[in-house]
Amino acid sequence: MLKYFIRRFILLIPIVFFVMTVVFFVMHVIPGDPTYVMLGENASPEAVQELRKNLKLDDPLWLQYTDFIKGFLELDLGKSIQNGMPVTKLIARVFPYTLDLTVVSTIFGTAIGIPLGILSALKRNTLFDSMSRVISLVGISAPPFFLGICLLLVMGYYLGLFPIVGGGDQGNILERLHYMVLPSLSMGLILAAYVMRMTRSCMLEVIREDYMRTARAKGLGEAVVIYKHGLRNALIPIVTVIANYMGHMLGGAVLIETVYSRPGMGKLLVDAIMARDYPVVQATIIVFAFMVALINLILDLVYTIINPRIKYN
Amino acid sequence: MSDIQNPVLAEVLHKEEIKEGYFKLALSNLRKYPLVGISLLVLFSLVFMAVFAPWVAPFDPYQQDFVKRLQPSGGGHLLGTDAFGRDLLSRIIYGARISLAVGLMATGLAALIGTVLGIISAYVGGRFDGIMMGIVDILMAFPMLLFCLLLVATLGSSLQNVVLAIGIAMAPRFVRLARAPTLSIKEMEYMEAARALGLPHYRIVFFHVLPNVIGSLIVVITLQVAAAIIAEASISFLGLGVAPPVATWGNILQEGVGQLRNAPWISIYAGTAIVLAVLSINIVGDALRDIMDPKLKGEKR
Amino acid sequence: MDNQGKDVMLRVRDLKKYFPVKKGGFFGGGTALLKAVDGISFDLCKGKTMGLVGESGCGKTTAGRAILRLIEPSGGEVLFEGRDLARLKGSELTKMRSKMQIVFQDPYASLNPRRTVGQTITEPMMQHRIFRNKESAKKRVRELLEVVGMSAGYMDRYPHEFSGGQRQRIGIARALALNPGFLVCDEPVSALDVSIQAQIINLLEDLQKELGLTYMFISHDLKVVRHISDHIGIMYLGKIVETGTTREIYDSPQHPYTKALLSAIPVPDPTRKTVRIILTGDVPSPVDPPPGCRFQSRCYIKEKICRDEDPVIKNITATHRVMCHLAVSTGLEAAEARRVQ
């Protein structure tokens, strides 16, 4: 089985490769001259020529492609058109913020969603259950940025509890956390809604299973029964839900970072798109794709930890 | 079903029985779960609003009035005005047109492309299918919003491009979804019968496979419309979608962010509209899912 | 089977169908061949019924499909009305299809649940342009339904509204829609209740008389096959081990497998003592079968030669043929005698 994971890990390379190719072609093959966009419609032909030479746009496509790939392999992701800074540096600077956001959001989502889901399943058809189901429905229906705005208004602005702009000094952990609360809640609560729904439905199924009755008959305490036997088996679809949401989460990061003016890959990407800063756009999307693939791989690993009976062969 | 001498009469009576049955079933379901009924009502109202916007909206959504800018509700403006003095309610009503239209069109596009590709891929099988699924897997690993942003960035921001971007981003999901039922249908004997009868492949795919696959897709299509609406809102919110002064829920929200301190209601009302629409669709979609397999689980969860 | 050449509708020679099968290992330990049909031959005369009998997995269903070219044969010839089906292409094949049809085993899976009975039967007729307009097609559908014993008013109903037996009738009506001369019946009654089985068999027989149809009747049930068949072929692991007229097979079976099958049929006569032959041993896999006779692992009279050489076909009469080393030899009775002890 270790072989399986090693194989999956190695597979990441062609996947990233494929994404790179797709991104490259999407950006270069679709009609439209980026130089005019960058310099404006009334740019002088000389300026256009100059820029094209700089960006090597007149080279044959395959040459641009190989340069592109080469650059990546050397970890030179090009220079930003907006400010000339090396893209690698730009990304490295904001990456920790996005990573923080993703991790803490996931923690929030799981920590809130799973217990609520279990409680809901146990208290089936009570007021608590109905309310939590409605709330979770609202949760999955709200666009992440709207939730962010609401939280921002209520907790940040009116109650003044949390900062609403920026990311805080990376060095200072407390400050980092402080700046992270609202953004992570914005995404985490939505994840919590999904997780709660799935947890509830899985627990409902599992509670009725015979092995639960056996466990109770054995005289084990209710809590042990629920957590050890029930939850363990229900965890797999729950982890699947989280895995699926990861994709949305990275997209959501873009939105949340915009709402809170928080530095991060998302904001970097959006700003770059607005400014038609192609090198940055390409690089960011590729890093995103890599992260998604990596996360999926990690989650598969988690599957096997949860349920040792799963063996990939 | 009694044996009636006249077969034609028997047919007519039989059909009446069936129609009655479905209707009664639908009604009883609605009575049991009022939430679903309410959601359907909300949805119809939204659609009605969107279709009849010019008659429903109290004001012209583009009409600016700098005297009355940034007012909370009052003075004929039920929901207040925005930064340009435009009536918020009217803008939201007109915004429904675009947001709902984009949601429906993008989902329709994705379902069309995805389902046909998925069916063909599963039908043909072999290497073609393997490659297609590999591509689909990789595309699906990519966050949908980012994919949309990438497409919008290259194509440019316009209504058509937004629909196109969301549609293309959602299509892989449908490819996967259409594949599973096709694979099991492929093994059915009526497919062999169709071939034995000399029916051409295109006919088999469109008249025998497709009708049997669509059933399993209805629920997903409904839920995806919700996702498409959120996607459009997100793209417009980032300023990359349909641009003002044309109103969509997303860009109303975006304008509202700039005025968050002075006039938070702009964003809140727009956002609430989105939540209402998406929530209703989700509730109806969930209900549809429950109707579709009533036998799978004993009681409604 | 008579080889007289006159009125031979279907002539199958050495028909083969092999399926490639992956063998173990992650990096592919090579492919093996599953020899589902491994060289079968027979003639079928017009208006007659040939029963193809065997256990599940012997390849009879695959053979039926291969003959109709619903799956591509891996080798051999299928001469239908003198033309080799295996070599036909495109529109010629399509035209040929209207002459040969199939009735399926599973009445629940053989009809498209989303099409009405009328649509199902009309579709092939319109496709092959048998009728110029929908009205005449509908008339024909009503006729067909009545021929198979169903009310014409059922045209607008969906399959799920019918019972298994009724669906089978619909399937037969559909098969008859193109006026074929040849019908492959693939276990058409195996999924039905015993009482309904008789009805459908009788229907098939009546249709054969009325319309002059030729049948290939595939089944694992010897009782059913006896009633309707003129000739019978016994299949085992992809090969036909014995063929003959129904009387020859039932009265004087030669192959040990045939005898075992026949001995399992309960005889409704309490005074008759039947010796039940029970086969032991494992069924070899049709994937890369071992050399020698396929039946050796379960044969109760096998000899050394059975392990070493593939048996050849021996003619017992003009119509009765067996594929066994020990048939038509004195050794057979001796071996039988030994076994009974």
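Here the chain labels run A, B and C in written order, and each chain numbers its own residues starting at 1.
We adopt the following convention: a residue touches a chain if its C-beta (ideal position, glycine included) is under 8 Å from a C-beta of that chain, and two chains touch if they have at least 3 such contacts.
From a predicted model like this one, the values you see are computed outputs, not experimental measurements.
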item: Chain whose mean Cα position lies farthest from chain C; value: A
item: Chain nearest the overall Cα centroid; value: B
item: CA centroid of chain A to CA centroid of chain B, Å; value: 24
item: Chain B-chain C separation of Cα centroids, rounded to whole Å; value: 50
item: Where chain A and chain C are represented by their mean Cα positions, the distance between them in whole Å; value: 58
item: Interface residues, chain A side, partner chain B - complex; value: 15, 18-19, 23, 26-27, 30, 32, 137-138, 140-146, 149-150, 152-153, 157, 200-201, 204, 247-252, 254-255, 258-259, 269-270, 273-274, 276, 281, 285, 288-289, 292-293, 296
item: Contact set on chain C toward chain B in their complex; value: 65, 68, 70, 93-95, 97-98, 101-102, 104-106, 109-115, 123-124, 127-128, 151-154, 156-157, 171, 174, 177-178
item: For the chain B and chain C complex, residues of the former touching the latter; value: 7-8, 10-11, 14-15, 188-190, 192-200, 203, 207-208, 211-212
item: Complex interface listing, chain B residues touching chain A; value: 138, 140-146, 149-156, 226, 230, 233-234, 237-240, 253, 256-257, 260-261, 264, 267-268, 271, 274-275, 278-279, 282-283, 286, 301
